[in-house]
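Working notes, beginning with the structure itself.
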Amino acid sequence: MALDRLFRRRRTRGQAREVPELWVRCAACEAQVYRKDLEQALWVCPECGYHHRISAERWVALLADEGSFEPTTGRVRPADPLGFVDTEPYPERLRRYQEKTGRPDAIHGGRATVGGVPTVLLVMDYAFAGGSMGSVVGEEITRGAELAAEENRALVIVAASGGARMQEGALSLMQMAKTTMALDRLFAKRLPYVSILTDPTTGGVTASFATLADVIFAEPGALVGFAGPRVIKQTIRQDLPEGFQRAEFLQKHGLIDAVVDRRQLKEQLVQTLSLLYPGEGHGA
Amino acid sequence: MALEFERPILELEARIQELERTASEQGLDFSEEIELLKAKLDRLQREIFGNLTAWQRVQLARAPGRPTTLDVIEALFEEFAELRGDRAFADDAAIVGGVARFHGEEVVVVGHQKGRNTRENIARNFGMPHPEGYRKAMRLMDLADKTGRPFIAFVDTPGAYPGVSAEERGQAWVIARSIQRMSRLKVPAVVVILGEGGSGGALAIGVGNRVLIMENAWYSVISPESCAAILWRDAKEAERAAEALKLTARDLLRLGVVDRVVPGPKGGAHRNPEAACRELDRALVETLEDLKGLSPEAIWEDRYRRFRRLGVFEEV
Amino acid sequence: MALEFERPILELEARIQELERTASEQGLDFSEEIELLKAKLDRLQREIFGNLTAWQRVQLARAPGRPTTLDVIEALFEEFAELRGDRAFADDAAIVGGVARFHGEEVVVVGHQKGRNTRENIARNFGMPHPEGYRKAMRLMDLADKTGRPFIAFVDTPGAYPGVSAEERGQAWVIARSIQRMSRLKVPAVVVILGEGGSGGALAIGVGNRVLIMENAWYSVISPESCAAILWRDAKEAERAAEALKLTARDLLRLGVVDRVVPGPKGGAHRNPEAACRELDRALVETLEDLKGLSPEAIWEDRYRRFRRLGVFEEV
Amino acid sequence: MALDRLFRRRRTRGQAREVPELWVRCAACEAQVYRKDLEQALWVCPECGYHHRISAERWVALLADEGSFEPTTGRVRPADPLGFVDTEPYPERLRRYQEKTGRPDAIHGGRATVGGVPTVLLVMDYAFAGGSMGSVVGEEITRGAELAAEENRALVIVAASGGARMQEGALSLMQMAKTTMALDRLFAKRLPYVSILTDPTTGGVTASFATLADVIFAEPGALVGFAGPRVIKQTIRQDLPEGFQRAEFLQKHGLIDAVVDRRQLKEQLVQTLSLLYPGEGHGA
């Protein structure tokens, strides 16, 4: 597949390099693309189909019905329970990410309707510490599921994560159990949960709430797995197979329901939610 | 096979033994010298084991001779019938389990299983499960619910296997499902971190109503080596990482991640597994006793609440 | 692609068409001749299709052009979102399923899927599932229970795949579990035998509260060919075996194995799939209506009783 | 493995050829074995370990506590619902098998205690039409499960079957669903079910009650699968792998709990039952 060749050449960051003003260079094929065209194509390269990473706000704009979004995240802020210091103290790191992204931690979301279906929409922000899950992300996912259960809403989570947040140690690990258990509050009310896996989603997020959805979509080419490719390469001491852990590979291995082009994603999400959402009277 | 930091102790022990042998062989009286040396040994032991660094504890957790899941099962349970296979793909030797009798009561038990030597370790993939191992664990959870028996899980893994085969068969998916399945148990679930509690591969069978940890076991979101490789770009900084991760029993107790530390024998469980097992036996009996009489719904709710409150953050 | 026994009909149809074309091209009046031929066609059709042998029906059930599961889903359902994969090993294209809307009501649907041509048939393994296909089906049963939606299954398989890969991954085990899972559904389950109902591979998704069968579909413990190979040591005795096995819709209705025969169009469903689908639509609506309002326990009990009474024996 | 080589040479019938009087020839290694030794070894060849097929009565004697067995099968007799005729009419066939085995159909069993645990013990008889499951076998298995549920007994089934009984058509197929569903009556009362797979167990029996047990044992070398080896060979048009579908293969593939030598079987069964049986007060 052409896409596969491109992924190899892709720059690590995954975000299109923004050449001043009108033109943008595709992070995969390096084509110069007219900025407005790229935006219109939802940051999918019109030349090669590469799905550029987009901000959490853009995800909300893409999926929520216009004017329906009402944020609920942002009040929970990270602490430093371990007094963690590596090359810099954890609170310093946090401050930098907070300044860069304008939010307290790696998650953004709230109430919305999606194709008219009442939803709690949560988006992980890879720009914040690689979308890593610590106490705040865990708590927000948990509250999101609880809110959905309480208000009879569907749950939609856009995942992007390098895994658990090391700087909060075992507390980060515990978020895997906490978020998983919170989903049962939702399921007990027969409310649907759709997960959208974007590039990359690995580690503790993949091994908890992100893969427990009723329906799992993944973006084309998204890398999704438990262990990261580097760790695996170290373990098996040989090159990884072509396309390994990519969305298309996942589908072949029965792990996701569909690889969905971002330009068709809203439509497909709306159809799925409308078929799964219990509607009036059922949810209670 | 001695660990670096326990060498002085072992050397002193050897000297005492030698002296005792000489005394008995030659009919001499070294009792005074021996007493002195024994006192010194005691001081040395207390000094070293009273001030273990996190990294030293990690090494103890991995030390050969430390009781594995099957050792513990053999020591603590009157009977054990091992059940095998995930009924779908393979039998994963990195996870063992079955039905057992514990102080007269039937229980269902599961645990990571490391080898006790290199050959065994290869057969058991060093205690790193594939998806089929977790499916076996889930099958045993089903059995616990079906029979209404308490569920006991022993955690001792460097982590789930990070290989191509495991990823192809949905390692992340199966860990998530195992966490979910265990959280839904309607019977009391007690978890014991025996040695290594490596990340999601440990948590997959770690969702207990109560989580105990053996002295000098560790439980962490990532191994010190991997953490060091990422944060300091050097696996040799593992010692610093071990410190920073707060992965020791006492740290975890303070964080609420575990509920009870099972004290270990002087010199570490690998030097005296019987003593370690005796302590564990007592702790397990008490913990199971604690959970008795709760209704299935109360058990479930208790577990939900235990995990719901984990996490430290500020609220604006 | 015509079946042997339908050749006379097709030839007569061709002659009528030719005559009509000639008439219209040359402006001649052949209406009398055409009327006569049409009457003859009607007689011929009634004669052939009124006296189909079991073996002829088996051939009709396999005829290309006969509506497959996806054809039926497209024809009957307003919306369909296909869900894929078993979340563990692979996506088996020999079984399809998902959530759908049927006359305004959401349902969960699953079915064997044959190809409509050779290329498709290879991709779909001729509708012969591997274990992962049945795991996908079970996942959809879970979803039906979770969402409380009726479950509709379309059966159309020569049988579960009899290959090394399938056996290695526990084909028998997964069929047993799929039967068990389906029997435990707390929502109404309606099964439609669309074309071929080959043995355990069919029954795995055949445990419905009601089982409908399309005209000229077959459902049997073994295919006529395999039965012949075993009993007469000659697969060419399939015609005799088909007769002996009592595998036709009417026979099965008499035996209580199916509850309703959905009438098919003159000439077979493969010649007029639209008409076949219209009849099925009506039958499905009525059957689902029948099962409405029953409690989850009543639904379960109804299914249990339906299967409990199947079997013929004498009691001493 | 030595066993594997032997299975290939094994005679189809699987029963030791009885040389008059004192000596018996092993069906696998053809060694002449002193009859009493073979009997003492529960018809496991002392030379090669081959497990000879034994009669249903011997199975009962082997597993039930002495004097505890009380038969419940035998009152249900086969009919001919299809009027089936192949090379001979089905009723003729039945009569021959009935004369040969002295029972109405391919199953024998009843109440027993096993190591003191109250049990319903059912044994399929391969000598009767290859242990094929028709209406009678299905009904007896179903009644056995129901009886166990009613009287708080464990269920133990010794399986041996070529599959479903063709001569009863789709009714045979339906027994797979019927027997499977009957197990739930047992499971609802937390009563254990142990399945013992013997050589051969294939088709509809394997794909229903025989593999749905809490614990599954298989005899060494027993061939167990869905499709028979001949059918598979025809499908894939190549030779089957060494040891394919044998008990040891099944264990490697995670499908059974243990391969158990017949001489240890009772002991292991008793231990398993005693650990799984709810005992007084629990079962109700």
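Labels for the chains are A, B, C and D, by order of writing; each one numbers its residues from 1.
Basically, a residue touches a chain if its C-beta (ideal position, glycine included) is under 8 Å from a C-beta of that chain, and two chains touch if they have at least 3 such contacts.
What you are looking at is a predicted structure, and each value in this text was computed from that prediction instead of being measured.
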Of all other chains, the one whose Cα centre sits farthest from chain B: C
Between the pairs B-D and A-B, the one where more C-beta pairs touch: A-B
Rounded Å distance between chain A and chain C, as computed from the means of their C-alpha atoms: 41
Inter-chain centre distance, chain B versus chain C - centres from mean C-alpha coordinates, in Å: 54
Mean-CA-position distance for chain B and chain A (Å): 33
Multi-partner residues of chain A (each touching 2 or more other chains): 211, 253-255
Multi-chain contact residues (two or more partners), chain B: 87-89, 135, 169-170, 173, 177
Chain contact graph, described as a line, ring, star, complete graph or other shape: other
Pairs of chains satisfying the touch condition: A-B, A-C, B-C, B-D, C-D
Complex contact set, residues of chain B against chain C: 87-89, 131, 135, 169-170, 173-174, 177
Residue ranges of chain C in contact with chain D within the complex: 160-164, 166-173, 175-177, 179-180, 183-184, 199-200, 203-204, 206-207, 219-222, 226-227, 230-232, 244-247, 251-252, 255, 257, 303-304, 307-308, 310-316
Of all residues in chain B, those that touch chain D in their complex: 79, 81-92, 99-101, 106, 132, 135-136, 143, 146-148
Chain C contact footprint on chain A (complex, rising order): 187, 190, 192, 211, 214-215, 251-258, 268, 271-272, 274-276, 278, 282
Of all residues in chain A, those that touch chain B in their complex: 74-79, 81-82, 84-87, 134-136, 138-139, 142, 164-166, 168-178, 180-184, 202-204, 206-212, 224-227, 231-232, 235-236, 240-241, 244-245, 253-255
